[in-house]
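Both complexes below contain chain A, partnered by chain B and then by chain C.
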Partner chain A sequence: MSAALALFSRELKLAWAGGGGPAGPAAFNLAALALAPLAIGPDGDTLAAAGPGVIAFAALLATLQPAERLFGEDAADGTLELYALSGAGLATAVLMKTLAFTLAVFWPIAPIAFIAALAYGLEAGPALILSLALLLAAPGLALIAAFAGALAAGLKRAGLLIALIAAPLQVPLLVFAAGAGRAAAEGTGLEGANLMMAAAGSLAALALAPLGAAAALRARLE
Partner chain B sequence: MSDGLSAEFTRADVRAAGVALSRGGRTLVRGLNFAAAPGEALAITGPNGSGKTTLLRAVAGFIRPDAGEIHVEPASDVKIAWLGHAEGLKPAETVRDALTFHAALQGASPELIEPVMERMAVAHLARRACGTLSAGQRRRTALARLALSNAGLWILDEPTAPLDAVSRARLGALIADYRAAGGVVIATTHAALDWPDQTGLDLSDAAREARSA
Partner chain C sequence: MFSYFANPERFERLARVVTPWAWGGAAVLFAIGLPWALVISPPDYQQSETVRIMYVHVPSAWLAMAAYAGLGVSSFIYFIWRHNLADLAARALAPAGAVFAALCLVTGALWGRPMWGAWWVWDARLTSMLVLLLLYLGYMALRAAIEDEKLAARAGSILAMAGLINLPIIKFSVDWWNTLHQPASVIRFDGPTIHASKLWPLSVMALAFTALLTALVFSTMRTLILERRAAVLERKREQRLEAEASEGFAE
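Take a look at the complex of A and B:
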């Protein structure tokens, strides 16, 4: 088994079992989705119009919630040193860890988005598009959160710093994921372009975030 | 090759000349020279705060010396195994899973895992989660990881600290076999490491020089 595969399967197991797995972010996501309508008001049309934006925003919040423990624990328990010295290298370790974490912890984002979209009054078609858009955006959101988590690893009040670093970088993914759902709901025919932009955002994060996070973690080792 | 040690590694040569190290803006040591060839063990001693751990981190490449150079040759091939104060064990992972992972990560044969666990006396703990182990048991698990690391250089920070006498003897035998296979060990210590033919490196002088400069 190659080193990268070993890293992926270990981190998948740890993310699934440790710290409640997907339950924490999913609860965060659901709480935001349940509270927003209470603030927006009971009008059905308003809720349906706000739905894609609120749902994409709740998904973004869910990706920020566990970012602190993503590398904070590795920095504290000495795992970081071992990953840095492994033949695979830190960037590979970051990439494998974040992808495994996305798969194990953030998978509920898409089904939650679909169900929430129906509950907010969207048709099944647009709900599916929105769910697909968040499925494409989730790896990018997670990678950016991981980059912020790496910059803040081991610091006090890392959570605040992570939100301040990650949120602005996540804006394009938020815009295009919500945009895809809204375009589908309004029938503007632009959902395809929005989906592609969401996927492009994730691919850009895939290329850049692991290198940035690895550089941040290497600085943390000094 | 003796049982319970993965030894398919590139032999390492460590040379350091004129090394100065600082931490938090304070110079710890200055003008430090040392070398370790395959099969040699270097025991670093010195009072608390004299820069032992900082020196190890510099040899591992985590930090850059302020002056001087540390070479681990051949730089492209040598793998380094690290054992710090934190063992790098995950509380939810079992001992066997942790060692299986590290064997796969470092390209050691999975068939070695059982003999290595026997050797470091953690075989009976194989199914225990690492979070439930005592300090000594954690350290023995980390030493089993070293034995599977296929690295030409072992860097150990206070390896004997949580170990009882029997475990220290086990560590001594492991180190002896590793050195016989051509491995290099650089360790910090307070306790006397009764490893044969070890080279000593006392940081007191280099620390005094740094203070007076």
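Take a look at the complex of A and C:
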């Protein structure tokens, strides 16, 4: 366990400080959210109706954005080999790395979602629900993106490939996260069920994605 | 059983019998099914002539899903036992399944325009099929991007298995999200609700599509085996030429 904790704290420090930390995905998230109303039009009702979906979609894009460097750099500089030999196991290493990365880099997703939801004309209550839903869904989104990143690690134009691989697998989380915000905004009373499903999706990804990513990385090391 | 057919010689013997029969069966079944479904069978009392699209649409949907199940199972076999033939089967199934998924979407759009008044509606079943097509495309793109053949096979098998696990969840989430498409009317516990005059041509068309998929998969697998064998022979020839050349220098 101490090896896993050491891995976690190392990756946390690296993700926090290296490569701009949370700035890149957060800026990407904000840019997407700033551009969407320009495309949709300034009509308040339309924006409020589209808000939860657009915000959840922007969060999904933000989790895809840094997935290329998650394992790409480790595969290039030999860190992966060391992790495989570390005794903690590759799956544990993947889990610790992805969780540390989620914590350090993707934390702005929830506050950005809250502010954006207000800017899109949602009430504070639904905005909070949407923000909570993305807080629950973000680890799952990040884990699936990490799985795709592990499959595409070290390939040319890996970014595009990661988006194509991860997007269909992220569909359930997108549906439930956006669904929670929509249900809260429309007052259908289904936000609780959607929140639970989003959390379930994240937990399922937590159980499966590290194993899949570790298998993909091991294939690369052989 | 998997190990039995993992032997390429034995597979070749099987494939030599199955391939022509599958092609022949597909030809005969299409020769019966296409005129029956597209000309002879009665028009629907609600959908009139457009119901004929269903005879292509529904089998494509079935086969697209069956091919993904096959892709997932052969990927599993490859991942656990490393049988090369399982990987070849996966490689052969992916493009065929993708084409069936695309065919299902296109025919669905053609049918939707007169019936629903829209080329595309964001309905649960249509969207699941679209996601299935994306899964196929992702699988093929990943394999195409990796040059090392062994690594491409390993990575592809992991992705296909992940897709197979995820598919029911995606299906559930999309059903949750919206439902407009008519519910399944052939495979039900209380028997099909579709009329026999349509069920028969539909069954023949489904068999024809299945025979076509079988023929495509077996032909592609044989081609891939021959390709690999040709590459080995080519490499041997190059080695021999190099050896002769270096001998020539030595003299």
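Just so we're on the same page, the second predicted complex is superposed on the first by the 221 of 222 C-alpha atoms of A that agree within 3 Å, B and C clash if a C-alpha of one lies under 4 Å from a C-alpha of the other, contacts with A are read in each partner's own complex, and residues count from 1 in each chain.
The rule is simple: a contact is a pair of C-beta atoms (placed from the backbone, for glycine too) under 8 Å apart; a residue touches a chain by one contact, two chains touch by 3 or more.
All values derive from a computational prediction rather than experimental measurement.
J.: First (chain B), second (chain C), both or neither: which does A:K156 touch?
T.: Touch status of A:K156: second partner only.
J.: Contact-wise, after the overlay, does A:V54 reach chain B, chain C, both or neither (first, second, both, neither)?
T.: Touch partners of A:V54: none, neither chain B nor chain C.
J.: With the two complexes superposed on chain A, say which partner A:L169 touches: chain B (first), chain C (second), both, or neither.
T.: So A:L169 only meets chain C here.
J.: Tell me the contact category for A:A216 with respect to chain B and chain C: first, second, both or neither.
T.: second
J.: Check the residue A:A204 against both partner chains and state whether it touches chain B (first), chain C (second), both, or neither.
T.: Once the two structures are laid over each other on A, A:A204 reaches chain C alone.
J.: If you look only at chain A, which of its residues touch chain B in the complex?
T.: So the residues of chain A touching chain B come out as 1, 3, 5-7, 10, 13-14, 17-18, 76-79, 81-82, 84-88, 218, 221-222.
J.: Within the complex, which stretch of chain A touches chain C?
T.: 147, 151-152, 155-158, 161, 164-165, 167-169, 171-172, 175-176, 179, 197, 201, 204, 208, 212, 215-216, 219-220
J.: In their shared complex, at which residues does chain B touch chain A?
T.: Of all residues in chain B, those touching chain A are 57, 60, 62-63, 79-82, 84-93, 97, 101-102, 104-107, 151.
J.: In the complex formed with chain A, which residues of chain C make contact?
T.: 79, 131, 134-135, 137-138, 141-142, 145-146, 151, 154-155, 158-159, 161-163, 165-166, 169-170, 172-174, 176-177
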